[in-house]
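The following blocks contain the structures, represented as structure tokens.
Next come two complexes built around chain A: one with chain B, the other with chain C.
Right, the complex of A and B next:
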């Protein structure tokens, strides 16, 4: 693995050396390294590109890293990764993707991640997207996440796209069983002529299930963002969605959060706000010695923390 | 005018006798009575069904009543009413529609109301929809309201549909110029197998324009409601939309409020909540001597007040 790949691994998966626990590092369409543990097995799919990650019931405090690195221009791939997580687990899954594109052709990674989570399990899923490289080719990522959350299970998903992804269409679909709970935290920053679409679709099927979808985004320069969230309450359940966006430059932002109560005991709420940074916040930081650009950067960083 | 017509006029326009000021009462597709004033002229359209209401610049503290009554089963009509409101006006417009359907055929009134409001004017627009009659024929109302709001003008729209309308598709479209302000208050109650769709589309085109769209609804029994609101900020502007719904019985409610910032100085917010009446509120009123049904009715009335 060369220096560029190593630096991208640090960006997308906070990896500075070989991780502990199970991992599968994918580089330019091929498996570059893999480790399995007694409880976590990783098997290459034979029908399509991708892997099956099998986590035994009762697996506690273990982690799986599955970062993807692309540094070849013109590389385009669709990868299917399926997580089969048993009952009574407590695991962390880290799945970043970094594209370094110095060429003139587009580089694209479309990852379809499916989570089949058993009963009473706790899953933390972290996904970071990052792009770099000074070529004219675009860096494109279209992640799709599908979650089936079993009885009494809890999943927290943290999705972050901070820099350098030219075009992204994110889709997250979840089905929750009895007393299952899903928390999604999304952070998105777009700049230049970037275009981002983020769509959530959550079905609260089980009695006592709940979901909280929180998206924070900043759109700079000429970038555009579209946020769509659909929460359907099909049983006694609670759903909340929230979308807060900072708009800067000539950016455009749309928020379309939909809530549907198909059951009289469904309690659903959504909120959204789009606005620019308040002028007095900038001035306050400037009186402390920051330039206007530094003040803006500080506020944006704080907002996306 | 017979007793049924008189009672419906009282329901939709609070009219117990001939109103003061300008009016046009439409009964079963024909003009039943009309009055004009020195400042407000009403002219029958020659190309389509409907009237032009011309309000001179400078008209203050005057009102126009244009109620519509349908008591013939099988009656279906599309009516175009255009309001040409000059500069510096301060007027109230009351436009209710009542359908009394005792027959087996549907009775339907589709009113398309367009408002061309000049500069510095204040317009209060009140619209009430009401249905009754024990026939099998449906009572259908599809009102469309189109508003062009001139510089510095203010319009408040109060739309209420409390009872007896089997099917309704409401559409409200507004374009706001510089410093114009629009306030919409909608109240909707559905029961039985009623189906209601309410759609708002507001373009904040002018600098300093603002809109506040507030919808409160109650869906009972097997009724369904769909609330759509689109607010587009195309300039320095402020937009807020809010949709609060109480769900009861086997009702279904969807809320889809969309906000789009096409300008960095657009500040847009929306909120929506769907839920049932809290059990402790019912119990509290029952301890005061009300039955469960009475307690529910009291809470619903208060919510829609």
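Right, the complex of A and C next:
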């Protein structure tokens, strides 16, 4: 693995060396390294590009890293990764995609991740997207995440895209069974002429299920963002979505929250706010000795932290 | 030393110019504890903002240690040693109490260091250090954190705009001690806008501002008896005319 690939791994998966536990590192369309454990098996799919990650029931405190890096210009791929997580598990899954595009052709990674989470399992899913390289080719990522949460299971998804992705269309779909709980925390920063669409569609099917979708985003310069959040309450359940955005420069942001109650005991809330950085926030930090630009950077960093 | 010379500040009120500050000249000697008081709407907060650089005076000059800082930005004044505690502290999503105190101290300080400043304003540091400075904090908590940032800055001139507002009775005594200690230890100049007799009581000098003008300047023995004597009288032109 060369230096560029190593740096990208550090960016998307905080990996500085070979990770502990199970992993599959995909580099330019091929599996570059793989490790399985007694409880976690990784199998290459035969019908389409991608892998099946099989986690045995009762697996506790184990992690799976599945970073993807692309450094060839013109590389385009669609990858299907399916996570089959048994009952009573407690696992952390770290995915992430880094594109280093120095060429003039677009580089694109469309990852479709499906999670089949068993009963009483706890899953933490971390996904980071990062782009770099000074070529004219665009860096494009269109992740799709599909989640099926079994009875009493819990999943926390943290999705971060802070730098360098020119175009992204994210879609997250979730179905929750009885007493299942889903927490999604998304952080997004766009700049230049970047364009990002993020769409969430959550079905609260089971009694006592709940979902909390929180998105914080900053759009700078001429970038555009569209946030769509649909939560459907199909049983006695609780759903909350919150989209909070800072708009800067000539950026454009749309937030389209939608909540639907198909059951009289569905309690659903949506909140959406878009606004500039408050002037008094900048003034306060300037009275502490920061310049206007430093104050702005501090506020944005804090907001996306 | 801080010196204001003939400072005026006008705002547009319809088609008319309204004088918020009218020919204010004031000298604050080094290491003095000066309280500014007077009726609401008299121009006290504007005066503090003009000193901090948040508002630019319409005319007049401001000098810090003999240097004309009238055209300096907020940042330049902050770096030259002016601190300003807001009357209504600002809330930030995502910025923690520790971040704010670290920024104020101007260097990376340890958690223990940041905690010390919080303890001084009577907050249990462990409960607050990692909290966001957001809507989850009460007005009084925010106010005390605001004061802690000023203590952390340790500058030669500290401005406080009604620090007592929103502070409960129990914390108020502690607040008096904070100012007293700051005055003794940092050896800086403290300028406090306040209506509180107990704060006026510990000031070296009291400045009374009303209708945008300085009405009186003197020691507490000279000013306080008169101020307190007036406090009971109703000063309403309409009522008087109606009589």
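One rule holds in what follows: the second predicted complex is superposed on the first by the 305 of 305 C-alpha atoms of A that agree within 3 Å, B and C clash if a C-alpha of one lies under 4 Å from a C-alpha of the other, contacts with A are read in each partner's own complex, and residues count from 1 in each chain.
Keep this in mind: a contact is a pair of C-beta atoms (placed from the backbone, for glycine too) under 8 Å apart; a residue touches a chain by one contact, two chains touch by 3 or more.
For clarity, every value in this text was computed on a predicted model and none was experimentally measured.
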Fit or clash between chain C and chain B when superposed on chain A: fit
First, second, both or neither for A:261, with chain B first and chain C second: first
After the two structures are overlaid on chain A, angle v-u-w for chain B, chain A, chain C in degrees (C-alpha centres, nearest 10): 70
Which of chain B and chain C A:289 touches, first, second, both or neither: second
Touching partner for A:204 - first (chain B), second (chain C), both, neither: neither
Of chain C and chain B, partner touching more chain A residues: B
Chain B versus chain C as contact partner of A:272, first or second or both or neither: first
Gap in Å between nearest CA atoms once chain C and chain B share a frame through chain A: 15
Overlap of chain C and chain B interfaces on chain A (superposed complexes): none
Residue ranges of chain B in contact with chain A within the complex: 233, 245, 247-262, 264-276
Of all residues in chain A, those that touch chain C in their complex: 216, 244, 278, 280-281, 283-292, 298-299, 301-305
Chain C residues touching chain A - in the complex, by the definition given at the top: 52, 54, 73-75, 78-79, 82-84, 86, 89-90, 92-96, 99-100, 103-104, 106, 149, 153
